[in-house]
């Protein structure tokens, strides 16, 4: 029992951020993650090549540390499988894996940068959990506009393939449009208004065609913005979406309406239960 | 009559996707289209030039296949002319034509990429027909904002011509602005914020002018977005647009209103018949 | 009197588009303008230099024609001063002036492109006058957001000057940031997301700074779009803006409200007089 | 007392813009600031190097002038500490400091450009104070969307780090992606659709990856626009946000409602006190 209570105390420190000790643990963890990210980045800068071995050692040190932490979390969680298959469990594992992979493919070591996802815990430390419900907010809007966005992406893909091929036929390999896939890459670069300039039309006909592609891209940019804004404006009035008249089942009412505007029966004012929040488990995993 | 029922069975398999056989036919068709697209794309990549003859043979194979399918569709459709002049009929024909054209102009063979439009059938196979009504949704919003967008495009065209000519006068051919059409191309590249950088102003006056063009383009991008968002927000409340009071002819009501808010007479609640859907024929063509 | 009626008939043909003769006159005029624009553009293309004299003659021909038309319009208008100081009068004069200027500065001849503004008459010929009221619509929304946009432009100008100077100090002339004005030009190119790439940061500190500028520009693009959309959504409900209760002077009501929601007195339903239309004179000038 | 009244008169001239003398002082001040900005800018242009000493003298002259003005403002303000720690007090000090700094680091002299912030006083001179309340308007909308924007920026930062590292692994230093920080810089340049083209993918895999980054950036641009528009639309109906029913505490009403729509009790119509305006002190500081 003594050992059990010790394990429980550790569980609260490691998985929660409410106690002073838990808070300190989380802050130390975040600083360690940040340090490990900086090391991975510096390791890639060529002018620091002479520190290569130091960086290598540090990276392995951090990996060992995070691996130990991952095992500790499994050991002290009351229901380990729940942690392992939670969002944070997956992220914690991903933060270690690339180091193992790097034994086979040295390049994979840079994938340690995936540790940046562990930084999500910063919201918990800074008592910014409400911020995460904001993310839910955005997700609701995105989910609501999912169908429209799929149709939109399908249309854009078709446009990009057709425009790319036309430019390949018009300009040809001698002007940088070396193949249809490269021309499609050009079409994406142009329609998204990125415009690197590594491939550009040279012939007057090609430039006229490019003008058409740009104007299309310019008009098309209005579409996802419009879709998302309209959905978000809906999602920001959650009461309206959830208040259903118990008598006639009319589902949409004026905000704060006390009586149903169709049948006149009283609506029992319900609390704002707007957006499906991440479960406790997920947040504390 | 035996032959007729056989023809009818084939019609259901080829034109519809509800039966297992029809579903399998559509999936096989989509995979074939995809394969033919990949072949056209790979054929254009220069490093695969030594497979040229193979690709050529494959392309002709696919073209023969699609031509046969097109004829079959005409043969088994109860009212062939209806299919031929439907949207899908035109697309199916377009998927074959460029190969014929390529006998005269070899380049035209790449236009086979137009087959990508046949991929629209993917929505039917994946039981995503509701997604197409989403496209209708977008089309309604686009149609509603058509007039505003024409006025907008006219203004942009005028701006682009005037700005382009001014830059031609300011910078001149020696700085890359070789002619007025080329300068107009530069103005479009700049106002749409694509910014290739293949033509850039060199003189201080030209750079000041370019700054003005960019700020204009930046402000102007707000216009189509604003237009479209406002229209889409309207289109997303279709009931409001269609429910007309039979007594006083008031045309706009609260969503789900049961009584007219002006004269108090009952509105006969109508079903959501919001957007003009593509006819059955068109969808199954 | 005979002469007067002849002058009147000519006035109706030249200034209006309702009679068959007036329509034909306007169509001929538009085609002539279009032809003159094409000539100015082609004249600037170097590969057509050997047609130089032909183009020169044609341009003078068109200029003579338009000058004659301008004088004719003054001669037959019942109140010439009204035409001269109208919008179209100014445009018609501007379409001739650059040719005179070109006698002193040969380059000015390209400014003949300003004739593109005469194309506005195309709306009248195509019976698209409603489209112009759409333009009024956009203008109302722009006027409503004018104050917000001035504040916005002032902030952006300040940002651009500060960012540009910082980059000049960080990168310096040796990396292409040759002077503070050039660096401000770079800042505008970057914040508007045009991104030519003719000037780019080379040092790590400069790249970090550029990242900040881009993120700022990216966030800031939301502001004019948001302002304009909100204004346009307002402008699209014109009834709400104009219906004032005659009893309590409450100015904003639900669309189609029959009774004032504050004092309960009847609102006299007024016709849609939404946007200040261009006066008849201006449209027919 | 004589001296005191003289000090008071000066206070009104220097700090306020309502009297003719105060107005003239402010206009003279603005023109001086503008002149000093132009001098700093011209000083950085290399082709004016031979005026170097003149510019240097002028800059010191302006600095002396502004330092004297700063001391004068402290001397005549009734409560000097209040001015010193006000917004304008800080700006006025900042307009002098870089010249002192430039004695140590010559480059710092260009930071005198910070004087552009003193131009804010232009709003006071042009009687455009209402414009500043417009800025408050924008700030309210920005503050309202702050949480959503932090979550958004966190997601974008994560995306940019992950995408940048992937491109570094795929393309490598030999194609311009020299280090992870440089690749992150590329990812920002791409996702914000700036697209300089100083670093571009060369391999087919890298181009496919870049396509993904661009499409993501293109979709993501909808998010801040949507957030901001929705907030601004809210902020533009300030009455609705402030009018609370004294009986049932229902907080949101129709604009201009006279009676609570839930409980029917009269709302005491309150004046528009919408946005927290800058205090008098700050504006006149």
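Each chain carries a letter (A, B, C and D) given by its place in the written order, and its residues are counted from 1.
Rule of thumb we're sticking to: a contact is a pair of C-beta atoms (placed from the backbone, for glycine too) under 8 Å apart; a residue touches a chain by one contact, two chains touch by 3 or more.
Composition by chain, UniProt nomenclature: A, B, C, D = Potassium voltage-gated channel subfamily KQT.
Predicted, not measured: the structure shown is a model, and the values here were computed from it.
Enquirer: Among the listed pairs A-B, B-D or A-C, choose the one whose interface is a repeat of A-D, with over half of the contact pairs the same by residue number.
Expert: Most of the contact pairs in A-D are shared with A-B.
Enquirer: Could the interface between the copies chain B and chain C be described as same, meaning over half of its residue numbers are common to both, or is it different?
Expert: Mostly different residues: under half of the interface numbers shared.
Enquirer: How big is the rotation relating chain C to chain D when the fit is done on Cα atoms? Please round to the nearest 5 degrees.
Expert: 90
Enquirer: Chain B to chain C: how many Å between their CA centres?
Expert: Result: the chain centres lie 29 Å from each other.
Enquirer: Just curious, how far off is chain D from chain B if you go by their C-alpha centres, in Å?
Expert: Roughly 41 Å, centre to centre.
Enquirer: Considering chain C alone, which of its residues make contact with at least two other chains?
Expert: Chain C, residues with two or more chain partners: 181, 193-197, 221, 225, 227, 229, 233, 254.
Enquirer: In the complex formed with chain D, which residues of chain A make contact?
Expert: Residues of chain A touching chain D: 37, 40-41, 44-46, 107-108, 110-111, 113-114, 116-117, 119, 130-132, 134-135, 137-138, 141, 149, 153, 156, 181-182, 184-185, 188-189, 192-198, 221, 224-225, 227-229, 231-233, 236, 254-258.
Enquirer: Mind pulling up the chain A residues that touch chain B in the complex?
Expert: Touch list, chain A to chain B: 147-148, 150-152, 155, 158, 161-162, 165-166, 168-169, 173, 178-181, 190, 193-197, 200, 204, 207-208, 210-211, 214-215, 217-219, 221-223, 225-227, 229-230, 233-234, 250-252, 254, 261-263.
Enquirer: Mind listing the chain A positions that touch chain C in their complex?
Expert: Touching chain C from chain A are residues 193-197, 225, 229.
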